[in-house]
């Protein structure tokens, strides 16, 4: 079977999607909301990696620009949620 | 090559599964901040799905609105509530 | 089948990258509390994304310098490499800052570190 | 030039214009030296970033940049440097850009420590052996920028994660995944930061 250069990146991106599902499981389980923010942060990094890989896979440069914009916007989102969480008392929830 | 077509479809299905899963989590969580986090994850994955379908303009709008703006507005709204859903 | 230098380099880089990225995702389940999970998530995924970005840059450089594809659009591949590098720098700056924000928020919200042998933050409160 | 502005009649309509003109003159050349330096550093940074983003826009055989893009970048970076020089701030922070040779030495050292940190994390994820705790260290850095550099550096290096900062004294609260017994304060700083506290001081002060 013949493997091109871009197929290597496709295999990597599929593995990243699998890792994203694993992190989504932590977003479901995590007992406190900081745990969920950590899971969201991990998903953000994985998705930026997927966007870089898929942009190379499709060979379209504008797709990489979305990765740059998303990397900065997801940081703003994380800061917003962290700012709110720090102003309240966290208690263990079972749901 | 058939294997890579299969892999591409598998990638697509994993992202779709993630969208449905995180959307279910939004409904399930009673804690409002957790629901907001799940909503951010959902809109992030929707943006990724547009990305895979090669619609860069839609993806960039979804990333800006879904991840940045909606989360900020919802957090501002939650600040004036008790923070939990009760019934 | 094309096992040239770019292919070998890309396979090695992608394998290293996937190992650390998946390690970060698994570390979320192996560790007991927020802080240790942040260790795994931040460091491992940042390190993995460095290698993925280098793999993409290697691919772009290969396309530019490859003698068989002379009719290739050089400008678009230069842009691909440079934009990938800028996305990587954005990740490298924002990731540790975001991790610090989450850790600080969790500590202020009263999440205590589990299995901790020492906690000098409690004197401050 | 300032003389001309003040010689204008004290008309209410003209007054707002003179304010604008004054600030424009300040940007062009009547600025004080540290402000001018900050302005120049911001301008160069924004311009280089713009040029990187439009690299490859021109005809690849003759030039890598289209001439329109260069002019647009020049104008946009002048505007943004004029607006943002107050935000990016103090002249003491921009002195850091004069020490760019140190950065070339710093980046490989940082990457080596990053690799070590990840092998350490891999070991701990696989075996599950942790001994965590939050410790307080006194690195003794004076500027905010130095503290930021140190905090971000040690977040990505072996076994440490910055949790919080004491704003008055500059003490860092660090989550340490493998707490070791230390006797003195300097030994503790050495064990947590390695050589990074020295590097942060050298880079920013």
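We just call them A, B, C and D in the order they show up, numbering each chain from 1.
Rule of thumb we're sticking to: a residue touches a chain if its C-beta (ideal position, glycine included) is under 8 Å from a C-beta of that chain, and two chains touch if they have at least 3 such contacts.
As the structure is a computational prediction, the values presented were derived from the model and not from experiment.
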item	value
C-D against A-C, pair bridged by the larger set of C-beta contacts	A-C
Centroid-based (C-alpha) most distant chain relative to chain D	B
Interchain centroid distance [CA atoms averaged], chain C/chain D, Å	21
Between chain B and chain D, centroid-to-centroid distance (C-alpha), Å	32
Distance between chain centroids, defined by C-alpha means - chain A, chain C (Å)	11
Shared interface positions of chain A, touching two or more other chains	2, 11, 18, 20, 37, 39, 65, 74, 83, 85, 88
Chain C, residues touching no fewer than two other chains	26, 38, 42, 46, 76, 79, 83, 86, 95, 97, 99, 104, 108
Arrangement of touching chains [line / ring / star / complete / other]	line
Pairs of chains found to touch, sorted by chain label	A-B, A-C, C-D
In the complex with chain D, residue positions of chain C that touch it	19-20, 23, 26-27, 30-32, 35-36, 38-40, 42-44, 46-47, 73-79, 82-83, 86, 93, 95-97, 99-100, 103-104, 107-108, 113-121, 124
Residue numbers on chain C that touch chain A, as the complex places them	1-2, 6-7, 10-11, 14, 17-18, 21-22, 24-26, 28-29, 34, 37-38, 41-42, 45-46, 48-49, 52-53, 55-56, 59-60, 62, 76, 79-80, 83-84, 86-88, 90-91, 94-95, 97-99, 101-102, 104-106, 108-111
Touching residues (chain side chain B, partner chain A) in the complex	1, 3-4, 7-8, 10-11, 14-15, 17-18, 21-22, 25, 28-31, 33-34, 36-38, 40-41, 44-45, 47-48, 51-52, 54, 56, 59-60, 63-64, 67-68, 71-72, 75, 78-79, 83
Touch list for chain A against partner chain C, complex	2-6, 8-9, 11-12, 15-16, 18-20, 22-23, 25-26, 32, 34-35, 37-39, 41-42, 45-46, 48-49, 52-53, 55-56, 59, 61, 64-65, 67-68, 71-72, 74-75, 78-79, 82-83, 85-90
Chain A to chain B touching residues, read off their complex	1-2, 7, 10-11, 13-14, 17-18, 20-21, 24, 27-28, 33, 36-37, 39-40, 43-44, 47, 50-51, 54, 58, 60, 62-63, 65-66, 69-70, 73-74, 76-77, 80-81, 83-85, 88, 93, 95
